[in-house]
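Both complexes below contain chain A, partnered by chain B and then by chain C.
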Partner chain A sequence: MDVEVRVFGGLESLIPGARFGQGIPLEVQEGCSVGLLLNRLAIPREKVFTMLVNGCHVTADAILKEGDRISLFPAIGGG
Partner chain B sequence: MLTEKQRARYERQIILDEIGEEGQQRLASGKVLVIGAGGLGSVSALYMAAGGVGTIGIVDDQVVELSNLQRQILHNTDRIGTLKTTSAKLTLSALNPDISINTYNVRLDEENATQIISGYDIVVSALDNQETRYVVNSACVSLRKPLVEGAVRGFSGLLMTILPGKGPCYCCIFPKSSCDSYLTGLIGPIPVFTTTPGIIGILQAQEVFKLLLKTGTPLVKEMLVYDGLTSSFYHQEVKRMPGCSCCGLLN
Partner chain C sequence: MGKILRVNMSDRVARLEELPEKYSLLGGRALTSQIVFDEVPPDCNPLGPFNKLVIAPGLLSGTTAPSSGRLSVGGKSPLTGGIKEANAGGVSSQKLASLGIKAVIIEGRPSTDDWYLVKVSAAGADLIPANDLAGKGTYEVTAVLLERYGKEVGVITIGPAGEMLMATAGVTNNDNEGNSSRYAGRGGLGAVMGSKHVKAIVVDTGEHFGARVKDVEQFRAAARKFTECLRKHPITGSGLAAYGTDILMNIVNEVGALPTRNFHSGHFDQAREVSGEKLAEVAVARGGKATHSCMPGCVMHCSNIYPMPDGKVCAPIEYETAWALGPNLENANLDIVAKLNYICNDVGLDTIETGCALGVLMEAGVLPFGDGEAAVKALEEVEKATPLGRIIGSGSVCAGKVFGITHVPAAKGQGMPGYDPRACKGNGVTYATSPMGADHTAGYAVTANILRSGGYVDPLKPDGQVELSRNLQIATAAIDSAGLCLFVAFAVLDDPEALPAIIAMLNAQYGLQMTAEDVTKLGQQVLRTEREFNRLAGFTGADDSLPEFFVLEEFPPHNTRFDIDAKELSQVFNF
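After this line comes the complex of A and B, so read on.
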């Protein structure tokens, strides 16, 4: 099934060719979790502060569905 | 009724259809609390003062340090060692003596947050730590106060406007439970490029102006994500979390 990933806040440097805000289309297997997706993208779990799927916060064990839009953010908490 | 001096001071925005004298008077009646007189707070407070927000509260418990001056433009070299709230009041009052500046030389916590925030219409979160963000979010949700949340790191920034019950709160997007373990691994000062808080801080002021003037479209249900290296913005859809520990019971 097809999903789309966006990465922000410097996580772009972890994915070859990734650009801020641009969707990365990916084909994943049924039952794939967000955590497995991070493994596939070789993004260390500890680098991701929050994960959103279709705008909703999820945990790493959330199972993805066809058409899901995943957004990954590192900690951005300064002021 | 605006005075002649006020008409002169705010002339350039009063002539905008969206503002007019009525809008300017709305700004003059507005009370906004800025929590943090650092990088974000400096810029948001400066522009709110310049634009005529009638009452600005500033909360900060720190003193000005040399390393602040690279981005905290409310302060200057002569004020190293001075309380940030004192420094902020001096700068803002010199820019616009027409407005009231209230200062709170405290660290906001669960004991004092509700009492301080209750005196204001809108809160600007210009914080540098997650712990206080959760306190502020909780107080704003319980008081149903609009909260303009901003954050920066390096060349990256985030901005969202929280209207409790109408869109996601901070905990809907960054729940405390999943943040705790992540944050204990972070040490050292947060790296911030000079312009990043300037850009996000001005946008926080812009959100305040939209709310006070009841014009434009505040960033509710969307988080603005900024990247300084590509000069890009992305509007990230954000939704309320069902059963959110903070705002889940609000309609």
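After this line comes the complex of A and C, so read on.
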């Protein structure tokens, strides 16, 4: 199934050719979790603080569905 | 211990007086709010002779505590009609504290149209005629005064907007590089300063760390500990330094809370074009800085220096400004954001209120959404005091009234910051209930709602938001009184050693034995004082609310409404 991943806040430097905020289309297996996706992208788990699927916070064991939009961030603050 | 600089503009006398004993354990917001409560009649005209402008460094300001140089500015707000405290970084707080000055009070009103500046140094205080500065932008005023009195001075000033008594006018002071861009922006306090015909306050000392500390050894140990807490937390230690506050743009957009097109939706497709990642890229490529401190002794370095195509720099561009002048207007051009930001800094306007006002004007069809050049042209009218310029300078509620727009994002008359209450419900509670009006820093629920800092509270559900906002409003009132940058809260929320280190610094500095409970009590007391002032000024429970459309209209992409009712909101201050 097809999903789309976006990375931000410097995580883009971990994926060759990636730009922050640009959708990366990926084909994943049924039952793929967000955590598995991180492995697939070779992003170390400890570098990711926030994982969103379709704009909602999830944990690494969340299972992906067709068409999901995944957004990944390091620890972020501001005001 | 310490002095009050009292400037009476009716008599045109500036004098130093002893700080009353009852104020000896107050600073920053606690002190400005208490003095406003004690000395300003709550029913006075904010632009009349009975309002006062109160400026105070925080309890820790002027010491070597990291990131402790915030300056509080207070008074009755011409925008909300209630009590107001706005705070800024820059150099002036630490300089005032180093001179032993705990508060500056500007009162009365001159009978002529002449302008003045106040100059304070170790030698005393003077009121000096300053008609030559009237009408000038803040950048020029700051440059002139740094030239005239030396590069070491702090310049607290207002732009033409404040002189013209516009309710969106802020009070600025300079950073170490002389940029007049560190704003106590919200609530029109610049107009209060303007109503008293004070164009600038010059704080003449090269000292930043000269405040008296009772137990130097204990203080040093506690400050070292607190610095360590800030350095090891990922947000305060490296996150803020890497991209600044505009790093929020993408995450707020991805969670669907980014107010777009005057608060009609929570997602802007081009948000990344005005994000912190983009800002850092462009700033560095043009020889600016993605990492910068607004005050001496800051360890978080969240500021930036953004070179503009015309050769000037905008330092900083913050998230709130990039959002208000970006996605809120459907503008995806960062150079336009910088230009609008620079004009606001120079003319003396709060960027959040300006963005909200421009958004309302765009909804009214006065300007096209997404037309950056048209927004620049409109903003340039403020200084010229054309009718449209004056409308912009009067804020979003005024703009809505004049042009018949009900979709106005404001609470207690103040324009809303960059998180829609329907997708960030904790912030919605803060906007509705804070004595400050729609103020995000007053109780920054974004921490738990969006950033998962200090826990997690689902931003799309009503559950837990009242408690979240309450706790944050109390904690923030205390931090605002210490002179600490609010961003230390990220470390305080997650690291159990951080708050004790702050308390240890306060105890060592003032010879106290405060506990965490005392800090909570301080925050609660500040809020009680502010709410009581507002009650006497005519506010009721009905004012602790949001505009109807937030309750009635579903907000895409999550299609939620603000569903925390008046009864629940009335529980926020049940202490």
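Convention: the second predicted complex is superposed on the first by the 77 of 79 C-alpha atoms of A that agree within 3 Å, B and C clash if a C-alpha of one lies under 4 Å from a C-alpha of the other, contacts with A are read in each partner's own complex, and residues count from 1 in each chain.
Going forward, a contact is a pair of C-beta atoms (placed from the backbone, for glycine too) under 8 Å apart; a residue touches a chain by one contact, two chains touch by 3 or more.
From a predicted model like this one, the values you see are computed outputs, not experimental measurements.
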Partner chain in contact with A:77 - chain B first, chain C second, else both or neither: both
Touched partner set for A:25, first chain B, second chain C, both or neither: neither
A:10 touches, of chain B and chain C: first, second, both or neither? both
Which superposed partner A:59 touches (first chain B, second chain C, both, neither): first
Touched partner set for A:46, first chain B, second chain C, both or neither: first
Chain B/chain C common contact set on chain A: 6, 8-10, 20-21, 49-50, 52, 55-57, 71, 73-79
Complex contact set, residues of chain C against chain A: 234-236, 239-240, 242-248, 250-251, 254-256, 267, 271-272, 275-278, 302, 319-320, 440-441, 444, 446, 451-453, 456, 458, 460, 486-487, 490, 557-558
Residues of chain A that touch chain B when the two form their complex: 6, 8-10, 19-21, 46, 49-50, 52, 54-57, 59, 71, 73-79
List of chain B residues in touch with chain A within their complex: 36, 38-41, 125-130, 133, 150-158, 172-175, 178-179, 182-183, 185-186, 190-192, 197, 221, 225, 227, 229-230, 232-234, 236-239, 241
Chain C partner contacts - residues on chain A that touch it in the complex: 6, 8-10, 12, 20-22, 49-50, 52, 55-57, 71, 73-79
